[in-house]
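Input: structures, listed below.
In the two complexes below, subunit A is the common chain; its partner is subunit B in one and subunit C in the other.
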Partner chain A sequence: MQKKLKGKTSALNKAAIAVGVFLLLVIPAMLNFGIVFSANSYLIFLMCIIMIYAIATSGLDLLFGYTGQISLGHAGFYCIGAYASALLSHPSYGLGKWLGITISPIISIFLAALLAMGFGILLSLPATKLVQHFLSLLTIAFAQLVYLAVSSFPEVTNGFLGIATIPYINLFGIELDNNYKFYMFLLVVVVLVLVVKTNIVKSRVGRCFIAVRENQLAANGCGVDIRKYKITAFALSAFFTGISGALYAHLVTFISPESFMYAQSVIFLTMLVFGGNGNLLGPILGAAIITSSQEMLQAFRDYQMLIYGGLMLVSILFLPKGLYGLLRQMLQFAKDGREKHVDS
Partner chain B sequence: MLTVENLTVRFGGLVAVNNLSFTINKGEIFGLIGPNGAGKTTCFNMISGALVPTSGKVILNEKEIQGRPMFQINGEGIARTYQNINLFKEMTVLENVMVGQQSHMKSGLLAAILRTSSQRKEEMAVMEKAQEIIEFVGLRHRLADDACNLSYGEQRLLEIARALASDPVLLLLDEPAAGMNPSEKMELKDLVLRIRSKGVTVLVVEHDMKFVMNLTDRICVLNYGEELAMGTPTEVQNNPAVVEAYLGGENIG
Partner chain C sequence: MFVNVLIGGLVLGCTYGMLALGYSLIYQASGYMNFTQPDLLMVGAFMGLTFFGTWGWPFAISLALAMIMMFLLGMAMERSFIRTLVKKGAKNIYIVLATIALSTILQNAAMLIWDSRQHSFPSIFTKIKPFKIGGASVRPEGILAIVVAISAMVLLHLFLNKTKFGTAMRASAQNKTAANVMGINVWQTISITYGIAAALACLGGVIVAPNLGVSMNLGTQLGMKSFASAVIGGYGNMYGAIVGALLIGLIETFSAAYIGSLYKDFIVFALLILAMIFKPTGIFNAKVYDT
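Moving on, here comes the complex of A and B:
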């Protein structure tokens, strides 16, 4: 009987994988080539945005979900990633303007993420000494500073006019100049990010993160250098969010300070809390659902923050483990029911 | 092995522990007892690094450790449990004990990301050792359960298992028998004796007099932060000063 049950769950897993492949690979291809659906580049663009948000939210998850340190300032890292990569790769801004050299986007994205990580470490030095609302305030202030920096130095960032015509990513001679190509590339990046995240979470580093979240006194007594692991979490989180921001810049090819306001930090946190923090799929689920609902509720754009606030409240009150937690509970429930059925 | 020299801590005007000195020999089970508020846990906190003493020394194997952070003292070989249970509630029993081995792990972040073969080997070794320790304290059947789902007595055992995971030379047990029923206490006593027979020195704070008297080799009695008496359980029990502190004066004795 045990075997039979096992066989059933693995069939369920196979079904889940099939649905996943269909959603992530087949539908975009159909949308791109106009099979069944009419060719729709905008929907593919939306899926790209979901992927980009999923990377940022996964990064935030390492800090908030695993290590238990809140950040309402991830728009700051997102912004640093986007601007750094743009300024490094653009022929007429930043490096291109001053020195006449440009760096290939594929490298500049990585450098931009490293820079965001540097800022993450810098922010963590005071942040590791703060808790709860003081930490929230510090991270808000950080993002605000970054926002002010990019909007008040027009000689460097072109101010509120923004930076346009950011070059496409060139991958060994293939230019990612349409949404479908970019989407395929993002799919690979997301898988890489998830692999790295899983490896971290399942190692001693991940265990220390969770230990810090669960009980700092006990973690300290167990030999966990709390400060070191909080700094590590900030650094990793900033790195992933930096990558995400840089990818955004090269996808949209236009950035301006408006994309990196306080609301963006709230969006990341809402996605994470609503999708479910402290696991692999929650952040992706959150990114997908919030991004799509954002599109469907375009008419209510002015009430965006209200909607996020409401969603956040609902998640905290009724879905402590997010949508992912709810789904898992339901699956468990169904499984238990089936087992009882087999038993009787 | 562990020497406490003139240890003093003041909280504002209150002297919580005053000029306390004692030495614990290797392989001993040493008890620290006293009425409520006598400074037992405060003393514990200073030895384990949770509290910085105002003055005095804590010397472990000829090395001064007072005032160093807890995680470093854990690395030096002192592990502890807590009076109010402090587990990683949403981690499994196995994971709790794996975290306990932190001080002896080497592989870092990069090795974790790349899953190098030495990192995987270390993870395997840590998991196996954690299983052995869990077996040793008798929680084998709870291996995969979350710590918050354990009974009170089991949680106390898990704290001991997690402390043992760091291979301590000195184990500090802060009221390990609190909230346990008589049969659990018997098992606990047996467990502490087995821990000692592995070469670990044990310092125990406990309220349950019968438990302490049966378990320890020597006892230090604290009252108002000062040493009241020191000696074997029998000596301490017959010390008039101790009887007075506990039973409240001569009209009873």
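Moving on, here comes the complex of A and C:
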């Protein structure tokens, strides 16, 4: 019987994979080449945005979901990633303006993420010592400072006018100049990020993260260096969010300080809490649903933030494990029911 | 110039102080940080504006009514959300998140009820003309803000330390079980605290509205800096809240006047981060370190 059940679940897994491949590969291709649907570049653009948010939210998940440290300042890392990559690769700002050299976006994205990671470590040095509420305050102040920095030094960042015509990513001679190409690239990046994340989470480091989240005293007693792992979590989280910010800059090719305000940090957290934290799929689910709902509710633009707030409150109150937790519960329930059926 | 800037700084500081007092009160009474406080101030200011400005009721009645309504709103928020979460055994982090969600909701609800424009609040003292102190003209509303903030601080301190209810509040923050055994109705105490904090925010909002105007962003505009003042003063301490707020207000106006208004926010936030790194316990040592 056990074998039979296993066979059934793996069939379910296969179905899930098939649906996933269909959603992620077949539909964008159909949208791009105008098969069945009429060609629609905007929808592919939206899927790119979902991917980018999924990376950022996965990064936040390492910090919030696994290590239990709150951050309301991820817009700051996102902003650092975007601006750093833009300034490094743009011919008429930053490096291009001062030294006349530009760095290929594919490298500048990596450098920008490293810079974000550096800031993450810097922020984590005082942050690891603070109680939860003060941590949230410190991270807000950090993001606010980053926002003020990019908006009040117009000589470097062009202030509120923003930086336009950021170069496309050039991947070994292939210019990712349309949304479909960018999407395929992002798909690879997301898979890479998820593989890295799984490996981190399943390793000793990940188990230490969870130990810190569950009980700091006990973790300390078991020889886990709490401070070290908190710093690691901040660094990794900032790195992922930095990558996603840089990718955003090269996708949209225009950035201005308005995209990196406090509300963005709240949106990241809403995605994470609503999707479900502390697992692989939750952040992606959250990013996908919140981003697409944002588009569908375009007509109710004024209500947008109200709805986010409501969603966050509802998920905190009734779905502490998020949508992913709910889905798993439902699957478990269905499985239990089936088992009972077989038993009787 | 100097006197002008000084008085401007004091008024601004007292504005932050009214909010910082609310943060400290809730922190002392329930041990939680409340991110809705600035938005309660904004909603309170809007209520005051509706009663006093739009409907033309007498100022005292408008203020009292707005404060009573905000008191009820604060209690309702605690009853419906915070208490549910605490009873479910949610971690602190989720309670902080819930208050953030509530603050987003309040802000946008206010935008829908009123609108997103900047409203000007009618002057409270129509008969008293602005008077001069050391060559600088001062609006009576500015003096009112200073007087109200200072007296609120003293009254709150006396209330917390000298009255039976204040002692009950502090006891329930320190140890819920022990307070319960001593015959304190812990939940009622906490919910009244939230009510008082909301009413205080409303008072602050109505008092500062003639100086700053009312808009849905009033809370965000003041919120972070009052947090900074509460932290610099020593979180949870009434005197710390006001001292920190005056400090931040003075630093902000002086740097705006002598360094440049573009950098004033930058300086204040950098100061907050520096304070968090080197002296997070603030001037009046608060407990901020994780175990």
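Here are a few things to note about the model shown:
Here is the rule we use: the second predicted complex is superposed on the first by the 344 of 344 C-alpha atoms of A that agree within 3 Å, B and C clash if a C-alpha of one lies under 4 Å from a C-alpha of the other, contacts with A are read in each partner's own complex, and residues count from 1 in each chain.
Note that in this section a contact is a pair of C-beta atoms (placed from the backbone, for glycine too) under 8 Å apart; a residue touches a chain by one contact, two chains touch by 3 or more.
Remember, it's a predicted structure, so these values are computed and weren't measured experimentally.
Of the two partner chains, subunit B is the only one that A:203 touches; subunit C does not reach it. Shared-chain residue A:217: touches subunit B and subunit C both.
By the document's definition of touching, neither partner reaches A:20: not subunit B, not subunit C. More residues of subunit A lie in contact with C than with the other chain of the pair subunit B and subunit C.
Look at A:302: by the touch rule set out above, it reaches subunit C but stays clear of subunit B.
Of the two partner chains placed around the shared chain by superposition, subunit C is the only one that A:70 touches, whereas subunit B remains out of contact. In the overlay built on the shared chain, the residue A:133 is in contact with subunit C alone; subunit B does not reach it.
Of the two partner chains, neither subunit B nor subunit C is touched by A:91. Shared interface residues of subunit A (contacting subunit B in one complex, subunit C in the other): 217. The touching residues of subunit A, when paired with subunit B in their complex, are 196, 199-200, 203-208, 210-211, 214-215, 217-226, 232, 236. Contact residues on subunit A toward subunit C in their complex (touch as defined above): 64, 68, 70, 72, 125-126, 128-134, 136-138, 140-142, 144-145, 148-149, 152, 216-217, 262, 266, 269-270, 273, 302-303, 305-306, 308-310, 312-313, 316-317, 320.
Listing the residues of subunit B that touch subunit A in their complex gives 48, 50, 69-71, 74-75, 79-80, 82, 86-91, 95, 98-100, 102-103, 105, 107-109, 111-115, 119, 123, 126, 162, 165-166.
Of all residues in subunit C, those touching subunit A in their complex are 32-33, 35, 81, 84-85, 88, 90-94, 96-98, 100-105, 107-109, 111-112, 220, 224, 227-228, 231, 235, 262-263, 265-266, 269-270, 272-273, 276-277, 280, 287-291.
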